[in-house]
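Two complexes are shown next, each including chain A; its partner changes from chain B in the first to chain C in the second.
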Partner chain A sequence: MLKGMLEGRGRIWWAAIIILMFLLPFILPRFYLYLLSIILLTGLLATSLNLVLGYGGIFQFHHAVFYGAGAYGTALILTKTGLSPWVSFIVGPLVSAALGLIIGWICIRLSKLYFAMLQISLGSLVWIIVYRWYSFTGGDDGIHGIPLPDILSSSNNAYYFTLIVTLICLFAMYKIVKSPFGSTLQGMRDNPVRCEMIGINVKRQQLLALMIAGFFAGVAGSLFVVVDNTVFPDMLFWTLSLEICIMCLLGGWFTFLGPMLGAAIIIALRTFVSTYTTYWALVLGILMALVIFFLPNGVLGYIEEKIKKGFIEPVIKE
Partner chain B sequence: MLEVKSLSKSFDGFKAVNNANLDVRKGEIVAVIGPNGAGKTTLFNLITGILKPDSGTVHFRGENITGLPSYEICRKRISRSFQVVNIFPRLTVFENVQVSILSRERRTWNLFTPSSKLAVEETNRILESVGLVQKKDRTTALLSHGDRKVLEIAMALGGDPEFLILDEPTAGMAPEETVRCIDLVKHLSEKLGLTILFCEHDMEIVFGIADRIMVMVRGATIVQGSCDEVRCNEAVQEAYLGGSDVCLM
Partner chain C sequence: MDLIYAILPPKVLAQIFVGLSRTTILFIVSSGLSLILGVLRIPNVAHGSLYMIGAFMAFTISKVFGGGDAGFWAALVGAPLGVALVSLLAERGLFQYLYEREHLMLLLLTFAVSLIFGDLVKIVWGAEYKSVPVPHIFQGYVYLFEGLPFPIYNLFLLIVGPIVAVALWLIVNKTKIGKISRAAAVDREMVGAVGINVSWVFAIVFVIGCLLAGLGGALVAPTVSVTLGMDHTLIIEAFLIVIIGGLGNIWGALLGALIFGLTQSLGILVWSQFGIVFPYAAVIVVLLFRPTGLLKSTW
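Showing the complex of A and B:
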């Protein structure tokens, strides 16, 4: 579907959406810009998870740890060193990629649920270090009032920065999914034994995927620092990882933009439904149950299926 | 070309392969036959690195490949197809073969070139040669069983093999699909000069296309020789026909 949307008139639609997003700061109040920035960076985080979960079939159940590592990497450089702030936006994601390599290298010898359990354990280990190391990470208080370059200090500019970086990252991930690396990643998801038998070193390939996913999760973490000026240990907690998994499932984990849609749905629900009831998670639970029963491929997966069958084709072709 | 010596593999004390011996010369078609549970698939798994042997050696073109991982064995131009269909069900027919070629060309770490522009000609050529080019855009989950088995062979060909191992290539196929598959195997041997090792239960196929036959019983090689040598061999008659003096085929 995405391929179709990137060709012909689909390009015009995309251009229109992107231009609209650039114009939103002139229309929307500050709160909604903040919300949109959070949706964008969380969507980026969920898309990075989907790279290994949906496309790679790797049970990365504690992905939030790489998000937190990127955020803390950026925040610590901004607060504790005299380095250029722009260096911190590079170092944060690199810290996440390195952590992805280390945790991945340990876990990759296991597969499926065993991989997931070990990954959750190691991720929780990182979380507890961050949570307890008061002198370095600020412990359970986290780090607040992180100094940012002047150009990013206004909410409009923070939004633009988040939008531009997210678009670049999504484009890069889309290229990766469509590259030979992406093709083999999907092959490994479907059948790792067969992959080995056509000459692919599956473990090494998976390790690279985990590093790439960790890197983009780290970018999302760095963006959070820009948008929120703060970091806290809950960013590395396993409940967030679960939430990102739900975003992938809800949006459609065999689709490229499904996780972004899932992130938008969940964050919007959390923000708007929680103003009416404290039991917003109940609404989410019911929604999830309905999705699992009626849309097993997620919302976007369902739409793609309909397009393939020709039900919605005329609308897209226009 | 391939030399297997005293290969053994046990699972929880059960000797699945017990002192198997096999040699295959360049350009030959060699069949491995034996009753169900004789250890044929385990032998193929040991040769291709999916399992590691407890003892014994496997040499390919004089090089010891015993216990190497599957992907390294594949890179030495040994390809195989599986008894139970083993493909990528969410990918299209074209992508299944293309991934195999990209792997051989060591492009799997290429992150930014679109796959759609790579190895297109070769993928089409292979699909053409196996008769699947008309169905190249179909998701493989939608193929018939026979087509999936042929696709397996096409994926193996993507590795540009010198040595092809086929584990029951016609299992579960309709009669007309079987004929097509056998013609394909003959074509691969005669036109492309591939060396082929296969196992099969259908004796008509075995005696129809094999140059030589190896017979396995309870994990051990009981005889390896030409079709005529195997046909009336006493040990083979004992294994297949319970000691009757009727020749196979």
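Showing the complex of A and C:
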């Protein structure tokens, strides 16, 4: 779908949407801007997961760890050191990428469910350390009131910052998916043995993908610090990881923009439902079960199946 | 005795006993998970929720019976059966349609079910802490190892663990349904071809596995405060135990539970703040050297 952005008629639509998003702060109240920022960064997180889950076919079941690591990396540098705040926004994602490399290196020798379980184990280890290390990470309280540079302290500017960074990251990930490396990734998903035969070092390429996904998840984590000013250990808990998986699935995990759409639907719905009832998990569970039964390719996947023409590119099928 | 104390100080021995009673709970829950994984190949995230439901049901049943000894025994029987009923509904209503789908979908579906169960528990029982009284005969402490107190209830757990292990082994290896289920785990179509209703075999195995989750919940209820969220950490621990033991292998689940329970209780002696890190580290070490688990997996 993003392909349409770069050529022909679709380009105008996308340009219009992006300009509209830049104009939104003039119309929307503060709460909706905050919500939109959260949607953007969560969408970025889900897209980064989909890079390895949908395109790479790797069972990345504990993606939230990288999100949390990025957020904590940024938050700790902002609160504990006198370094420039901008350094922290770079260090956060780099911490996540490094963690992605370490966890990936340990897990990559296993496949499928074993990979997932070892990753959940390692991720839980990171979670416990964050949860228990009161003197350093603030334990289960997390860190609140993180000092931000003045330019980001207004909600409008935080929104603009999130929007710009998210757009840059989405563009970068789109380029990665369409690059030879992206094709290799999809090839390894569909037939790892054949990829190995034609001389691709499957493990190394997958490790690279895990690192890239970790990096972008870390960016999302840093953005969360900018938008929300807090970090807390639940950001690294495994239930969040599965929720991100649901976002990918709901939007369509064989499409590039699906995860973003899924994140938007789930967060908007959560905000809406929470005003009426405290039983959001029940609604989410039912929604998920319905999606798994009736929309296995997700919303975007379904739409693309229906309209296989215009500027919509064909569904990537397994 | 002095010789033993020279090697293992009383404090360590007491901690080993604490670890062993934790092992019992972990084993009972994860053996059910392992059974389901081995035969049905469903990574059942909702297993933890069933454990939680078991604990809540134990609370209600024991309250209905006046909270005394009768209540405890009734809960011990009734809660697992109640959980079995819930799981039967879930299996017949949802899971049975998805056996052919890939693991990712199954895992997410069971996660969805666990979210639903979690909120249903909140609706039925509320968000407050609940406590189940320990029956009179198991109240108090025995003084082991130079006077270190050890709850009698935990001794009871140490007896229940092996009983469950043997019973499960008998069901899987000596009964007809066990033999059919083992065959179905290897080749589902072949078993169907000889005229056995595989779908119902799977349902029965699923229910037995979930019954164990309920039993674990009912057993743990008197020792902890029964609360929402007690499923979250347990299910991860159960999964890790099953993985390091070897998928579908019941003795593997026992071995994994032993490793998990003992490293946890002894880890607290070594480093109290981060004692809980040790079991996870143990899992990582095991998986690095034996990527498919310690014992033979049925997959």
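The rule is short, and it goes like this: the second predicted complex is superposed on the first by the 303 of 318 C-alpha atoms of A that agree within 3 Å, B and C clash if a C-alpha of one lies under 4 Å from a C-alpha of the other, contacts with A are read in each partner's own complex, and residues count from 1 in each chain.
As a working rule, a contact is a pair of C-beta atoms (placed from the backbone, for glycine too) under 8 Å apart; a residue touches a chain by one contact, two chains touch by 3 or more.
The structure presented is a predicted model; accordingly, all values stated were derived computationally and were not measured.
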Combined model on chain A: chain C and chain B, fit or clash: fit
Which of chain B and chain C A:128 touches, first, second, both or neither: second
Touched partner set for A:200, first chain B, second chain C, both or neither: first
Touching partner for A:24 - first (chain B), second (chain C), both, neither: neither
Touched partner set for A:254, first chain B, second chain C, both or neither: first
Apex chain A: angle to the C-alpha centres of chain B and chain C, given in degrees as a multiple of 10: 80
Which superposed partner A:186 touches (first chain B, second chain C, both, neither): first
Chain B versus chain C as contact partner of A:245, first or second or both or neither: second
Which of chain B and chain C A:35 touches, first, second, both or neither: neither
Partner chain(s) touched by A:176 [first = chain B, second = chain C, both, neither]: first
Residue contacts with chain A in the superposition, chain B compared against chain C: C
Per-pair minimum CA distance [chain C against chain B, superposed on A] in Å: 13
Chain A residues contacted in one complex by chain B, in the other by chain C: none
Chain B contact footprint on chain A (complex, rising order): 175-176, 178-184, 186-187, 189-191, 193-202, 205, 208, 212, 254
Touching residues (chain side chain C, partner chain A) in the complex: 43, 45, 94, 97-98, 101, 103-105, 107-109, 111-116, 118-120, 122-123, 232, 236, 239-240, 243, 247, 273-274, 276-277, 280-281, 283-284, 287-288, 291-292
Residue ranges of chain A in contact with chain C within the complex: 53, 59, 61, 106, 109-110, 112-114, 116-118, 120-122, 124-125, 128-129, 132-133, 237-239, 242, 245-246, 249, 278-279, 281-282, 284-286, 288-289, 292-293, 296
Interfacial residue positions of chain B with respect to chain A in the complex: 48-50, 69-71, 74-75, 79-80, 82, 86-91, 95-96, 98-100, 102-104, 107-116, 118, 155-156, 158-159
